[in-house]
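One chain, chain A, appears in both complexes that follow, with chain B as partner in the first and chain C in the second.
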Partner chain A sequence: MEHTSLLERILRGMALTLVVIFFMFPIVWIFMMSFQTNETILRIPPQLIFEPTLANYTALVTGKLMTAAGTLDIAFMRNLWNSVFLSVTSVAVSLLLGVPAAYAFARHKFRGSEDIAFTLLSFKFAPALLVLLPLTLYFQKLGLANTYVGLIWVYQLICLPLILWIVRGYFEDIPADIEYAYRIGGHSWFATFRKIALPLAGPGIAAAGLLAFIFAWNNFVFALVLASADKQPVTVGALAFITSSGIQYGQISAAIVLSITPTLALALYAQRYLVEGLSLGAVKG
Partner chain B sequence: MTAVVSQRPKPSGFRISKRVLPYVLSLPALLVCIGILIPFLTSVVYSFQRYRLSQPWARQFNWGDNYISFFTDPKFWNTLKVSLLYAGTTVVLELLLGLAIALLLQKRSTLNNFISIMLLMPLMTAPALAALMWKLMTNPGFGVLSYVASLIGLQDFRWASSPSTALFTVVLVDIWVYTPFIMILLLAGLRSLPTQPFEAAALDGVPRSFVFFRITLPMLTPYILTATLFRLLDSIQQFDIIYAMTQGGPGDTLTVFQVEAYLNFFQSTNVGRSAALMIILWAITYFLSNIFIKNWLRLRERARGQA
Partner chain C sequence: MSQSALTISGVDKFYGPIDRGVHAVKNLTMEIGKGEIVALLGSSGCGKTSTLRMIAGFEEVSRGAISVGGRRVHTLPPVKRNVAMAFEGYSLYPPLTVRENMAFALKAARLPKSEVDAKVASIAKLLEIEDILERYPSSISGGQQQRASLGRALIREADLHLLDEPMGQLEPQLRAVLRGRIKHFIKERGLTAILVTHDQTEANALADRIAVMEGGVLQQFDTPDQIKERPANLFTGTFVGEPPMNVFEAYVATAAGRINLKLPDGLSLDYDKDAFSAPVRDQLLSRERVVIGIRPYAVRRSKEGVPARVSANQWLGDQTHIAADFAGGSLVLVEHDRTRLDLGAPINVTIDPKNLHVFDQASGKAISHGMELA
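What follows is the complex of A and B.
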């Protein structure tokens, strides 16, 4: 293994450089476009050197877009807020529902426990529209169409299986004897759960929460089907934005940058747990 | 004396709560399960009905008609063909590329770790937004990739807006987003392999191709299988990238299952056909997910053992 020739090292280096360019270029390029005016963007050949401007970001933040034809209102900040609100609330609800259930699945083998756990898991792999299309009709009858409550409820489909299966693994890793010892000391199961199990599984719960947040943020189809303009998150909003503002490429790039930054930052922060989370605990990072 | 007694939990209360407790704790998860099952069953019912949102009065059971008409429906065969082609191409290419990158990054070094973290960024980008990014880069007017294409002699390369290159373009975006997924799973797998077989092979001067095909690959197979099935399950249902990029177009070039069902539901308001399409896709994914879960459980047990 150690006898690597110079030629091989050069080839490896070149291959890695190509890989990094392919995977990084789109992000770098959109980032650069977001600091350009439409004139520099439209120039051919594309420019690497330009005078950076914050105009795109100011237009998005103030919600006013100055065009030759007049001012245009853009609701992108609203989308960004929807994304934050929907993702945070969905994950919070999921943790509240999922962590106790994960504990029950890990500690008490009861009738039907595996069935529930696997049903949840198998629906994670079922086509989203299979459930979503009938839901649109139900939601209209129930008055849940285009409400945050309805969306958060549907987002449980993304967050709950993830949290249930990851956190369950962490609970299973805690030796049951520690909990028995605490119980014998005369403490209730709830005290044991709160004082022993929760803190020990803490990192796993945090990781599962972060990952669920990323998946909820990145989701597209749920909100596309169930939300109208004022409730849409960035993923759907950016698509609508591209068709409504037509040629404002600088602002679109800035909107994309603002939309992907939160998940990228969280991913870098939590990268230690990503491998385990993405494989639902099948592979340890 | 009394203090000691009062600290002990009462045995009778303890026993009852122990039997009921797990059910109480998992009740919300159970409710979500039921909440999913109801629309699922509704879909099954719809798929056996003649049901158009535009003609609610004509709604009636036509039993298998939606399914039977698929046999003679060229649009359905196109959907099946494009879905399988998309899933097959993306998974094979991503597997090969992901394995190659994982092998390149196998050795633990600061640079390799840094690169592997950087490569996670496309995976963490929302697929719909990734499609928009590529749409901007492949814009025929100013897109940097259109410019690059013209530099290498491809004048007027239309990317996603031409039927002949649309599939290539969305597959490229899929590769950009999801190759890192296979890469990090296989990298974790590679780094968790036992070192003894490799040391023994090096000592015996076994050629490296032999080591790769006879030692590395067989030991890596459970990881490859899990990653591939995971991606296959996802890819056959791809919606975000294709819808955000072309909405199934141009024409019906890219009407994969979920896109076709979406268009059927919202544009032609043919709920029955849309539901039947989803049931067929569900049958495919159910079959795949059973194989997947078996593999995944085995790997999960192994990961537990390592911890």
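What follows is the complex of A and C.
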């Protein structure tokens, strides 16, 4: 680093700025739009200076959407709650099922173990729409359509393979001898799993859980088909802003800001632990 | 040695399906007495670590039985076997300090804190790791980790202490010092220990008995002296001993009251018939071909004798290793003085029949050692 010339530093700074602008612009623009009315948003040319309004947020929180054609009821807060509930529960169920399974796949090679693991992964290959049609029919027969249980179940298709495969890799990276050392010291395999394997794979489990959470949160098509208004997450709920009297850009922006906030906060929070966990050298010999 | 600490009977280990997978340990039977230190010695892949891991319970026993202190343990989980182990890869718990790593098993056994502290202190002193007790495994060197791992095993009171390459990472000086201390420690407490090593110096220095393994087969299980002086077969003969035993194929011929061991290149070792004891002579004469082995220390230079030509000459600071082209192969001899011999210099060597090891040409089994039958 100390050998970089001034020119090099300037060029690097410019390159970084470009990259940051490229990635941050949509988010910043949406953030700005969320404080504007439809009129100021659609002004040509677009203006950087405007009078901020909280009307969009108020509309979302109160659930009353004012349009040119009158007042509409929207269930945005309900949707937000649905998103939180569905994502958190799905990831929790996936972790509960996936982490022990990942451990089993990592530590015990049994007949067909690779096949089972691959089958679980292959759930991610199938196009969601292909799976959805038969699934909808089954779910209607079983009475699972439009229930939280049914949705969480389907969300396992998103979360479980992800968690299983990421966490499995982390378990495989832990030298088996560390666990043996613990077991020979007078502990059962379950205690070893809890006290040695889980903490050592902790960063990996956190990363997988976070990723699964984001995927679950961003899911659109499963919820669109399988859930009605009161079970819908924000991704589907945002459709409500496309009204008969026009698209409510301001509210959509506000909704987006509100809906990315939890994932963003979670990612920023967990990032610290992820880096810490990985740099601790838990897996180093 | 009144009581058996470990009995291994007819143990086979297959990786993969039985009888079709990789046969890592073949029909291993051995018995180790209480308070004994035994070294499993062999090169990589000889089955020594597999054996150790089967005793510890990390590998399933494909066939046969293992008993510790009279209890059959080979179907029990590791936790119920009451053995302690130091791992080749150290396997310290990363989130714990060296002290916590060592005290760990004792805490699990619910020993009072003062006793735990005293034990950790004494083991740390023994292994010279007192100054790193509060550090984490990731911040100490390989040699220190290895000592911490060794300490974690030695601190426990177990029926059996298994040490997998316990000193491989240590510097030579420290290794020599620790060998003595560890042996004293084990003997003083009457512990039974099995160590796996490929270092014969370590095996010789530490072990009461050495089990030499090769290709999954136990070649010889005996005291270090016996293994050196009476190797059971060609493998043990050439594997144990530094520099290795010189080995040549020879045809046995007799002429005018003398025994000729005809070597390649038209050379022959010529002995008076009476130079051999009667049983050895009978054995030699009943065979056409044998393999003879001579320790480098037993080869003497002399005026008359069989000609050889120097191909390498190394002064190691306390002894000279001379390699010579001899009988289509290479002959190594060791002398305690600094010997000045140029490359290509002709020398003559004699080999006393008392120092001759004779092996069967086909099976490699030992026939005689010096004047005695194997």
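Basically, the second predicted complex is superposed on the first by the 228 of 285 C-alpha atoms of A that agree within 3 Å, B and C clash if a C-alpha of one lies under 4 Å from a C-alpha of the other, contacts with A are read in each partner's own complex, and residues count from 1 in each chain.
Heads up, the rule we're going with is that contacts are C-beta pairs under 8 Å (C-beta built on N, C-alpha and C of every residue); 3 or more make two chains touch, one makes a residue touch a chain.
The shown structure was predicted, so the numbers you read here are calculated from the model rather than taken from an experiment.
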**Request:** For A:S253, select first, second, both or neither according to whether it touches chain B, chain C, the two together, or no partner.
**Result:** first
**Message:** Looking at A:W189, would you say it contacts chain B, chain C, both, or neither? Reply first, second, both or neither.
**Reply:** both
**Message:** Looking at A:L11 after the superposition, I want to know if it touches chain B, chain C, both of them or none. Which is it: first, second, both, neither?
**Reply:** neither
**Message:** Looking at A:L54, would you say it contacts chain B, chain C, both, or neither? Reply first, second, both or neither.
**Reply:** neither
**Request:** With the two complexes superposed on chain A, say which partner A:I21 touches: chain B (first), chain C (second), both, or neither.
**Result:** neither
**Message:** For A:V149, using the defined touch cut-off, is the partner it touches chain B, chain C, both, or neither? Pick first, second, both or neither.
**Reply:** neither
**Complete:** In this superposition, the partner of chain A with more touched residues, chain B or chain C, is B
**Prompt:** Where does A:A181 make contact in the superposed view: on chain B (first), on chain C (second), on both, or on neither?
**Reply:** second
**Asked** Once the two structures are fitted together, what part of chain A is touched by chain B and by chain C alike?
**Response** 183, 185-186, 188-189, 280-285
**Prompt:** chain B touches which residues of chain A in the complex?
**Reply:** 1, 12, 15-16, 19-20, 22-24, 26-27, 29-30, 33, 41-46, 97-98, 100-101, 103-105, 107-108, 110, 113, 116-123, 125-135, 137-138, 153, 156-157, 160, 164, 169, 172-173, 183, 185-186, 188-189, 214, 217-221, 224-225, 234-236, 238-239, 242, 249, 252-253, 256, 259-260, 263-264, 266-268, 271, 274-276, 278-285
**Message:** Under the stated contact criterion, what part of chain A meets chain C in this complex?
**Reply:** 175-178, 180-189, 196, 199-200, 280-285
**Request:** Could you please specify the touching residues of chain B with respect to chain A in the complex?
**Result:** 7-9, 17-18, 21-23, 25-26, 28-30, 32-33, 35-40, 42-43, 46, 100-101, 104-105, 115, 117-130, 132-137, 139, 141-142, 144, 147, 176, 179-181, 184-185, 188-189, 192, 198, 202, 223, 226-227, 230, 233, 237, 239-240, 243-244, 257-258, 261-262, 265, 271, 274-275, 278-279, 281-282, 285-286, 288-289, 292-293, 296, 299-300, 303-304, 306-307
**Prompt:** Which of the residues in chain C come into contact with chain A in the complex?
**Reply:** 56-58, 77-79, 81, 83-85, 87-95, 104-105, 108-109, 138, 149, 152, 156
